[in-house]
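Pasting the structures in now, so scroll down.
Shared chain: subunit A. Partners: subunit B in the first complex, subunit C in the second.
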Partner chain A sequence: MDLKDKLVSSFLAFENNIDVDHPVHDIRSEAIKNFELKGFPNRKEEAWKYTSLNSIQKVDFSIFPKETNALEYKDVKRYFLHEIDTYKIVFIDGVYSSFLSETTHDGVDICLMSAALSKPMYKQIIDVYFNEVASKDESLTTLNTAFSKEGAYIYIPKNKMPKKPIEILHFATGNEAALLLQPRNLIIAEENAELQIIERHQSLTSNEVLTNCVTEIFAAKNAIIDYYKVQNDVKNASLIDNTYISQKSNSVVKVHTFSFGGKLTRNNLNYYQNGEYIDSTMKGVTILGEKQHVDHHTLVHHRQPNCESHQDYKGIYGEKSMGVFNGKIIVDKIAQKTNAFQQNNNILISDKATINTKPQLEIFADDVKCSHGCTIGQLDEEAMFYLQTRGIPKKEAAALLMYAFANNVLASVRIPELKMRINRLIANKLGVQLGFDL
Partner chain B sequence: MAYTEEELKKELETKEYEYGFYTDIESDTFPKGLNEDIVIAISKKKEEPEWMTSWRLEAFRAWKEMKEPEWANINYKKPDFQNISYYSAPNKKPKYESLDEVDPELLDTFKKLGISLDEQKKLAGVAVDIVMDSVSVATTFKKTLAEKGIIFCSISEAIKEHSELVKKHLGTVVPQKDNFYAALNSAVFSDGSFCYIPKGVRCPMELSTYFRINQAGTGQFERTLVIADEGSYVSYLEGCTAPSRDENQLHAAVVELIALDNAEIKYSTVQNWFPGDKEGKGGVYNFVTKRGLCEKNAKISWTQVETGSAITWKYPSCILKGDNSIGEFYSIAVTNNYQQADTGTKMIHLGKNTKSTIISKGISAGKSQNSYRGLVQVNSRAKNARNFSQCDSLLMGNDCGAHTFPYIEVKNKTAQIEHEATTSKIGEDQIFYCNQRGIETEKAIALIVNGFSKEVLNKLPMEFAVEAQKLLEISLEGSVG
Partner chain C sequence: MLKVNNLHAGVEGNEILNGINLEVKAGEVHAIMGPNGSGKSTLASVIAGKEEFEITEGNIELNGVDLVDTSPEERAHKGIFLSFQYPVEIPGVSVTNFMKTAINESRKARGLEDMPANQMLKLIREKSELLEIDRKFLSRSLNEGFSGGEKKRNEIFQMAMLEPKLAILDETDSGLDIDALRIVANGVNKLKSKDNAIIVITHYQRLLEYIIPDFVHVIHEGKIVKSGTKELALELEDKGYDWLKNESVV
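Coming up: the complex of A and B.
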């Protein structure tokens, strides 16, 4: 039985364990129908031209883990941003771990999707926001919607700001030969609210893991959201990350994506601007080796006048890795005075590495400033020579230049400890010890 | 005969499209529809050798299995391929040696178009191979060219007289099954131009062909093959105008360029097919496959000015097969009213040290949609490949759209690729500056648009550059609110 059929038939079993009378269940039923109709995307579809899911579909994934493992904090401490105090929402094999987590209801709600879906006090919010901005016809998103049950639920009321950043961590322990995880997050920032989120998916074994994650983010007027995605998973872990962001006037939402690991990573990042004077920023650093594959798909839909969007993606590709970037900017007719910038710079450091990039502008308004730039090149030989004449070994010299290359993106990380952590990840990835942090 | 009011009215009605008139020449037209018999009949009519007939049939059989491409960013009513007549030739067709023998009515047509086959052109050094509804009726300067060993004739003549050359090269760059329209063209192409420049010869004049669609309901299927042998150089010009017709006319041409070692081909196009009227009614569908192959140290340069056609679907491409070869693409695409253009290029880097440059300027006005779609592909063996792409779009008015779809695929670490694109409108301050100096807004826009397109206009041969500038102005007339 192929994976699609298995998923569709599992839906019946899934229904036994959830409240089928909840209004959200209609959304789920609708979603599974769409997935059944569309199936997994294939390379004939323009959006999946460079990324094949064929090998993933051959794996016999467990959809519901039979049992869950407990983890000791000391074993997984290094995956947390332990240098600072944070709220933590931790899942082990898709199941919430209250032992490792630190949630709150003190003024703000930082808790679980399962609670939000079942408790009557959240019903009003769920009715308004759940599946509101997520795509209703993209097949993998609807697959997630159909099985949506658990994930992070964050609600920041008007004029509030949580005391510390929020970490969302997903661990896979490998107690199943192959595991499919489908977390579903809902993040709402009301007027003038501000928050910072760090998200990470981590597999702890070499067993196959596929995560198909959907995150919906709503930023009301003047809200500020910083979202950091750290993707440094082991080589048998694949991630399909779908993020949908709806912004109101004067809000600022920044998403940073750091992709250093995993087998196959696909980031679908979608911004919808539903107000004026909005700032949408997305930045990313991708450093790949081996046979890794990362595919960044961004969409910014400018629907209202006077908004801005900024995109800056840097990629360094080694060994047999493959990078894909597809950035789409749509400017509607009424979205006059839009400023949309997009930049994608890439360095290839191996003959077997591949980069496919496709910046895309679709513009229907005349009074706009839109530009995109894309470069593919290699390290400057003269700069390399200069560093080497100053006694810096070749490998370190190359690493220095790559740091400099990625620095634009790193500089805008607003949590210093996270920035240091990412610097270390980059140093690890490049196999160097620089002895200082940039 | 006195000039009546009726005539004046008529003239004003048709004035919108200056070249919109219909020449009444008896044509020898095939019944509508397409099947194997028609393909065989076309081949027979043109007295083609047997290999050509079977080549056409092979293409036709492939075409039957193919579907029209739908990926392009254009919307149109698909042509009914069975409702088109696939062959039409001006009737009285002896081979002319001098202009006096040519049908005077035809000459008159050319005069209206501003093509003079007489002294003027001769002095300008332009040899003209005129294609009027598919069949080449007049070729000048043939003798001068013949002295140099240059073959410049209609493709049907080439098939008969230079069979070996054609057989060797036809379909090598654009195979019969390449795409839907290329397959259709391969099956039914009626005529076109053939050009062969021998080793080491520098073609002394600009070669040019004028295309016209004349007979109502006739598709025009041009086939052009240009071969530049080792170390040779040729500059080829192509320009077109078409009479205004209400029903959409289909144009599916194929152009193949082959530049052998150290050769250089410069191919310039000014395309001004009937774009449809202000309501988007009528207009030509232009589905063209153009591709060039560069061997070692060869260079192919495409320059195009696209102002006409209701639908443009056109991607002049370069396959940079040989080491050190160079591909260039300079394009201006102007769309107004309801025109739609999806155009761009493909640069396929296969050889070492290959270079390509893409400069594309899109100008959209009225309710038109203008897309740039390009591919830069660097294969794993293409060491030190270099590409620079720039696509700029200019939007005039708030009902039009500008789109860019650049694909970049790189498999070699030594590649250096730069791509940049911008979209903007004409600055109010720029217009103000011009107004201040006594230049009225309409003129100011033309000035700014010309400046915007300068990089591409500069690449055109002299005579064309002047014509192209005028075309830009005419195409954008009335687009300023």
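Coming up: the complex of A and C.
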């Protein structure tokens, strides 16, 4: 049986274990119908031209893990931002781990989607927000919606700010030969609320893992959200990350995506501006080697006047790795005085590495400022020579230049300990010890 | 210390240096002058080991060791320093961290442990005081947003930190106003000793009023066409380069 058929037929079994009378279940039933109709995307579709899911579909993924493994904190400590205190929402093989988590209901809700979907006190919010901004026809999103059951649920009321950053971590332990995970996150920041989130998907074995994640984010007026995605998974782990963001007036939502690992990673990052004076910022550093593949698809839909969007993605590709950047900007006719900036710069450090980069601008307003630029190059020889004349060997010199190249993306990371961590991940990825933390 | 013997070098078959002979002894300051395109900067780059240039004939020796097949970083480890006309910007890497990397890589090449942090800080303090460099400057990203004068002063600071045997200053005076020029020249003079040597490459005589050379060489079409003492620089200032060009034709 192929993966699509297996998923569709599993839906009946899934229904046996959930509350089918909850209104969300109508949304799930709708979604599985859509997925059944569409199936997995293929390379004939423009949005999937450079990323093939064929090999993934041949894997016999387990959809409901049989049993869960326990993890000791000491074994996974290094994946947490343990230098500082954080709230933690942790899942092991898709199942919530209360032992590793630190949630709260003290003025803010930092807890679980399963709780939000089952407890009456959350029903009103779920009715308003669940599946509100996520696509109803993109097939992988609808697949996630159909099986949505668990994930992070974060609700920050008006004028509130959690005391510390929130980490969302998903571990896969390899208790199945191949595991499919479909976390579903819902994040709501009410008027004037502020929060910081770090999300990470980490496999702990060499068994195959595929994560198809959907995150919906709602930023009300004046809300500020910083979202950091750390993608440094092992080589048999693949991630399809679908993020949908709805912003109201004067809100600021920044998403940083650091892609250093994994087998296949596809980031679908979608912003919808539903107010004025909005700032939507997305930044990324991608450093790949081996046969890794990362595909960034961004969308900013400017639907109201006087808003801004900023995109800055840097990529460094070695060995036989492959990168894709596709940045789509839509400016509606009403969205006058839009400022939309998009930048994608790439360095190829191997003859066999590939990058496909494409800006896609659809502008219907006439008084807008839109700029886009993409570059593909090699390391500057004169700069290499400069560093070498200071006694720095080629490999270290190249690493310093690559770090400098990615630096302005790191400059906007607002959690210093996270910035240090990313710096160290970059140094590791580049295989250098520079005698100081980058 | 440095011996350049009948050096021929070029890029992709175009010869730029046509048989340079030069000997620099410890404790000496040599100035190399010449019109634009004469090969001054190429000579500096070739001595420092830039791979883009191919040496077709002759050789370069440092203290009796042939350098021709060594990489730029190996030459740096052996004590050659090149100050750039256009230093490269490295965003996100502070001057201090950059120097730590450079010094420790050189130590590693000599089989030494990393310099202990307190010793490094002491050295940085000493050298920055010597060159009148504000400590705040050291935490800025290397050369990023530096003025022309700051970049050149930072080059001399790096020279002070690395303590080379042979320092080559390539057009260090270009783009500097008189005050910046004086600060840079003072720095160089403080670093001068009987054990090291300096080659100053310049188009104008101006810098040589502050860094007094023992010898002046004029390069034209990839050859040294005239050598003399510091008076030669003054003569060039008066007459320009044309009389030398004519002389070389004869």
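Simple rule for what comes next: the second predicted complex is superposed on the first by the 437 of 438 C-alpha atoms of A that agree within 3 Å, B and C clash if a C-alpha of one lies under 4 Å from a C-alpha of the other, contacts with A are read in each partner's own complex, and residues count from 1 in each chain.
The definition used in the following text is that a residue touches a chain if its C-beta (ideal position, glycine included) is under 8 Å from a C-beta of that chain, and two chains touch if they have at least 3 such contacts.
None of the values given here were measured: they were computed from a predicted structure.
Of the two partner chains, neither subunit B nor subunit C is touched by A:98. Legend: residue contacts after superposition of the two complexes on their common chain; A:373 is shown touching subunit B, with no touch to subunit C. With both structures placed on the common chain, the touch criterion links A:333 to subunit B but leaves subunit C unconnected.
In the superposition on chain A, A:54 makes contact with neither subunit B nor subunit C. In the superposed pair of complexes, A:348 makes contact with subunit B only, with no contact to subunit C.
With both structures placed on the common chain, the touch criterion links A:16 to neither subunit B nor subunit C.
In the superposed model, more residues of subunit A are touched by B than by the other of subunit B and subunit C. Of the two partner chains, subunit C is the only one touched by A:401; subunit B is not. By the touch criterion defined above, A:386 reaches subunit C but does not reach subunit B.
Counting contacts by the rule stated earlier, no residue of subunit A appears in both its interface with subunit B and its interface with subunit C.
Interface residues of subunit A, counted against subunit B in their complex, comprise 46, 333, 336, 346, 348-378. On the side of subunit B, the complex with subunit A involves touching residues 71, 380, 393, 395-425.
If you check the complex, the residues on subunit C that touch subunit A are 45, 48-52, 71-73, 75-77, 80-82, 84, 86-93, 97-98, 100-106, 109, 114, 141, 158, 162. Residues 380-383, 385-394, 396-397, 400-401, 403-404, 407-408, 410-411, 434-436, 438 of subunit A touch subunit C in their complex.
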